[in-house]
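Following this line, the structures themselves.
You will see chain A twice below: alongside chain B first, and alongside chain C after that.
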Partner chain A sequence: MKARNRLSGEVIYQIQSFGGAILLALLVGFFLLRLEGFSPGEVLTAANSSTFATPFRFANTISRMLTLVLVSLAAAIPFKTGIWNIGGDGQLAIGGFFTAIAGIYLVGLPPVIHITLSILAGMIGGGLWASIPAFLRLKFNANEIVTTIMMNYLAALVTGYLVNYPFRAPGAANAETLNVAGSAYLAQLVPLSNLSSGLYIVIAVFLLICFIDWKTIWGYEWRILGANDEFARYGGVRDVRMRMLSMIIGGALAGLAGSILVLGSYHKFMLNLGGGIGFTGVLIAIIGANSPVLILILSSLFAILSNGTIGLEAKLGVATEFSGILQGLIIILVITRNNIAQGVGRLFRKRKDVNSG
Partner chain B sequence: MLILAEFIRAAIRLTTPLLLAALGGAYMQVAGVPNIGMEGMMLFAALIGYIVSFTTGSWVLGLIFGVLASVLVGLIYAFLVLKLNADIFAIGITLNILIGAVAAYIIRQYYDQMSMLISPDVVLFPTISIPFLEKIPILNLLLNNYSILIPVSFLLVIVTYIVFYKTPYGFWLRAVGSNPAAVSASGKDIHKLRISSFVISSVLCGLAGVHLSLGYLGMFALALVAGRGFIALAIVLFGSGNPIIVLIASLIFGAAEAVSLRIPTELIAPQFPLMLPYLLTIIAITLISRFTKTSKSGAS
Partner chain C sequence: MTNAIETIQLTKNFNDVLACNSIDLQVQRGEIHALLGENGAGKTTLMKMLFGEVQPTSGSIKINGEEIAITSPAIALGLSIGFIHQHFTLVDEFTIGQNFALGIEPIKNRIFTDQSLINEKSKKVLDQLDIELPLDVPVGNFSVEERQIIEIGKALYRGADILILDEPTSVLTPQKIEKLLMILRKLKSEGKTIIIITHKLEEALSVADQISVLRKGELVGTLSRGDTSRDEIIKLMVGAEVVETTKKNQNPVGKTFLRLEGITVTAEGRDLLKNVSLEIARGEIFSLTGVGGNGQAELVEVITGLRKPTSGEVWFDDKNVTNWDIRKRRLGGIAYVPEDRLQRGSATTMPVLDNIVMGHHYRGGFRQGAVINHNKWDSFSRDIISKFDVVCSSLEIMAGSLSGGNLQKLVIGRELSMNATLLIVAYPSQGIDIRTTNYVQSELIRHRDAGCAILLVSGDMDEIFKLSDRIGVMYSGELVAICNPEEIDRFGLGQYMVGSRRQEVES
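Moving on to the complex of A and B:
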């Protein structure tokens, strides 16, 4: 009973400090905008106009959240086992391209099968792309922070070549492929928005990841590998195999994010498909890798932040890049929250001592 | 012959940004704290240096403020890692992404530009010309009229070598990396030594950054650094911080980049040559690990 109280006390402290750090970052954001001459009321109204105000806006916010959940899990699952995957952007691009190719050329299939195959192609593409740095790390101990970032540049160049030359849509002004066949379209849930029935796929995948994480031996082995790999090996965890698996699952999820963008939002592959969202996923994974639920919450928050700045730009003239600054600030404050809390606590106690003495 | 000399010249020019950053990375590497934030340091220095140069009309001020911008990043990095005990990898990666956002915000908000910044008022770094070399065409082409930080970068290899292996400071710095407990026991302040390595490292990465915008390209772009911070990290790991090996590796990467920019696009789509530096980085980082099995990477 006592142990349980201590546990819930720890959980409550974590929620408080986590929430406090996020709140502090948002307050800094409001303060910076105040310096530019905008009141918090104006800021909230403007942010609301591009996130929740209309069904179209709300659908786009949800759509962004779904992509973020996938790319965050793509970084978080390898991270749990002690491997960095900064390569979400590259895996998303390769996955998106594979999906587009399957969507364009596998014609004459019933929609369900066509969509399934196209998505599988994207997940395989992302998983394969992730398996290269994973293999180099596990076989040759090659630093995966460096290799996954290099793989991002390579993915941009490879897909850049493919959509500029062999697969470029004839007559297209930009580097992009043809549209995928109608049988591969994911149904749009809100007219003209980016939100498609990919929503249900992401929900299913998310629940599956939760299940794996909480209820299966894989989830347990990932956690102990990340915590103490010597202990894990001693306990019989096949570390190389589990790490490889975690990286391939991560790559497949990033690939899936690309697939849903292609089949649900743009209906073709184009350069810079993810727009660097993989890095935002890495940020979320850094502070949220321990819990899929936390990833869901952070993805929602970051989706609101990045779509909220669209309204800030339209109404107040604050560049949308402001959201990136806020996101970075949130991560730094959350990482260092315990030390900051201790420091503040010490300051507080000192003052008390002075007052009482 | 002339083509070869021209190629060598291009390789030397492309070596400098990598060499400066990698030398910077070496100071932190030997002190046992890998610099994951080089990409961001370079980008911030390149941006601030460029803005200050075209605002004030002085390349000296551009150089100084660009380097100071990088040092600011280095001090924040050091504070978060050394003082608040945050994970060096997580903070480094976060800082890189954060600075990318800050740079994008600055050029968008204050200069109304999407991805690059070009100003006619910018004053670039001067080139150094040695009059007596002008009489010998080949030597003139090979050795003369380089932007100021290019000769400086090669001099800094020697300086770094001397600092590392011939000064007490270098001795203690390397000792902090290999055996911090012993350094601590002998009464030296590990924290101070490591903070100094963050500062020196960020100065050199700052030089690399301002060289990119004010010495090499004459413009700023969000894609200016293009992974050089991580290529430099690979170079540092490759040489485990030894400045001579860092020099050799930087020259190889500079040459590779020169090759990649010189392959005529009629022969092959431009994307393929551009892959060369990134492929080479992956190969290099895979090779070293064959020799140094002990070095551990990844989340800690």
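Moving on to the complex of A and C:
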């Protein structure tokens, strides 16, 4: 009962302040485009054409959102405990590769089992990859910001070698593996789009993470560790174990993102599978204050923004980098929203003082 | 002769707690003045008021005979007062000169830092301190005692005439302490005024001209080294009020619960604990006392599992728990009220509820598997809040928004509700009002009578004599005496505390 009250209060406050900041960022975006001579109507139509207008576009927007949710959670869960996981890209790549290998070589299985095993392989791959910097941090106090970023390069280079040489599909023009077996395909929900039945997996995983965060002592211990680790240790929280666990779960989620891209969208592993989406996930986790609900909202927004600029470029000739500008605006405004509110408040107070004095 | 520093009726309240009460302190120019007193006696608060870090509630300060409001450290620096904090304030990556000149770098040719001038001045300061150190090495590479001296140098570089040192020797080994005291004597001979905060009587007697003793926020006396004795100072430090002792436990003391065997802790070349052995039984209150920083904190950390002993064993009942982690020991029957309730005892940015259930949250009833039993968390928290009279508007507000006293009550309430077999309570009456103090003390007695073993860490003589069944005294990392409160008086205890006496502990 109590927990529900806390939740609703928090959510209402966040929606208000976030909504304001995001609205402001979009207004500034419209203003910039206005300066270029585009009317708001034109902009909205163009953006709509590449995000919502057709089932195919809409499906791709959703698919991007799903990947963002997973990589954002991959960063947010270790963040909660005070560990920085900047390694989402590497964990996604390793997870995708493990899944592709399982999808290609474990043949002759019924689809349900094949898919399950392939996804498990991806999650284990991502989790293992994340456990290395976690171990280095917890055992030798090696800065995990540095090591997780290094592990991204390592993952890119290792998978790059593997798909260029031992696992390269014969005759393929690009560095990519063979297609996975048909029994490992996730059903496409909209023909030709990137959206697959991976949607249901992400929904289930998202709900599970919410449950762990709000309803279990793991979530509680993660929060306390992040707030004051000396207090947590004093109270009997097994800090090393919980931090390792949070990192492995984070890695497994990023790995899952790779798995779903491989089984649902491309049906093979290829170079640069995630396209650097892990860093966007880190940003979303930070501005979403590690809250699953905010991460869901922000992931939708970022997916719409990045896919929307595709339409802006096609219809209006606005460079796709414009989505970067908008994302930057949102980040700055969301992070400084409290200061802005205070500043505005002060301004009003001063005016009042002047008037009364 | 004018006083370098004079305080007139200087008083400081923190909410409901009186940290310094009407203090009239006089420090003559060119002397070394030692401030002695127990942890929480108000020494540091008094000095922080002189340095402008804390603003007095009432009273005034005169520097060189002139009344001045010191509202910020910048003003104190302008008055040539230098404060050497207990914790280093050096930038480890910078060289000595860069640290000395930080923020006041001399400029040459309008743009560049005048490095040669800095080095020249730094060299002079180091000569003044009789120490030779390379000027091109980051200070992080120097040893602790060298950094301590560099701190003093930093104050001198900035033109300090009055130096305040807050427990400068607490991180030093005995040989290094002697070296530091020699430097202080040399500075005095050059006309500097020095105030040294300490709780080591030996140091005060060896270096100070005047010794002021603070107890419970009051200045209980200032003595000249020439015409005082060690015993007189001890009497001032321990006080003389007669307190009614509470009824001792009539039940015979139960089975031994805690047993420590030869606990030694060594860190950075210093022995923090030396071969400490101890037994505490069910149904007794064992008080651990001593001047702060003599190993009490480390001993508690060894018992609770926060610190691994370098050698020695910890036993609960007949189980060797030396390798148990904290959770296992808590589940094995211990509860612990830490001295530092803000940093160790609570998470101030988290809701009250989350703070109350800590340490209970993995016990049966508070969870089903890993799933939180929210109803239990809620009802348990409400129970603690009403039982310990914690004033808070809701369980969801941040613990940091509670007043100091209320947060204390929350921490104490949480630990007293653990149903522990061994209750470790550090400085329970520090920072809480009389009413709550009385309640906490009666709770401790109730727990003792119910067969709980209690380790009370305290420096408050009233509290110790009121509650203890046995008293252990720590000095310099050793347990130097275990006494029966009926067979020893405050003065005798004080002698153990300052190291001028020790028991040949029969074991």
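Here are some notes:
Here is the rule we use: the second predicted complex is superposed on the first by the 339 of 357 C-alpha atoms of A that agree within 3 Å, B and C clash if a C-alpha of one lies under 4 Å from a C-alpha of the other, contacts with A are read in each partner's own complex, and residues count from 1 in each chain.
In this text, a residue touches a chain if its C-beta (ideal position, glycine included) is under 8 Å from a C-beta of that chain, and two chains touch if they have at least 3 such contacts.
Since the model is a prediction, treat every value here as computed from it, not as a measurement.
Ranking chain B and chain C by residues of chain A touched puts B first. Look at A:Val282: by the touch rule set out above, it reaches chain B but stays clear of chain C.
Contacts of A:Gly328 after superposition: chain B is touched, whereas chain C is not reached. When both complexes are overlaid on chain A, the residue A:Leu157 reaches chain B alone and has no touch with chain C. Of the two partner chains, chain B is the only one that A:Leu136 touches; chain C does not reach it. Contacts of A:Asn339 after superposition on the shared chain: chain B is touched, whereas chain C is not. Once chain A of one complex is fitted onto chain A of the other, the partner contacts of A:Phe58 are absent, as it touches neither chain B nor chain C. When the two structures are aligned on the shared chain, A:Glu144 is found in touch with chain B, with no touch to chain C.
Look at A:Phe30: by the touch rule set out above, it reaches neither chain B nor chain C. Interface of chain C with chain A (complex): residues 304, 306, 325-327, 330-331, 336, 338, 343-351, 353-354, 357-359, 361-362, 367, 370-372, 374-375, 377-378, 395-396.
Considering their complex, residues 79, 82-84, 86, 133, 136-137, 140-147, 149-151, 153-154, 157-158, 160-161, 164-165, 226, 279-280, 282-283, 286, 318-325, 327-329, 331-332, 335-336, 339-340 of chain A touch chain B. Residues 36, 80, 83-87, 89-91, 93-95, 97-98, 100-102, 104-105, 108-109, 226-227, 230-231, 233-234, 237, 269, 271-272, 274-275, 278-279, 281-282, 285-286, 289-290, 293, 295-299 of chain B are the ones touching chain A in the complex. Interface of chain A with chain C (complex): residues 1-3, 5-6, 9, 215-218, 220-221, 223-224, 227-228, 230-238.
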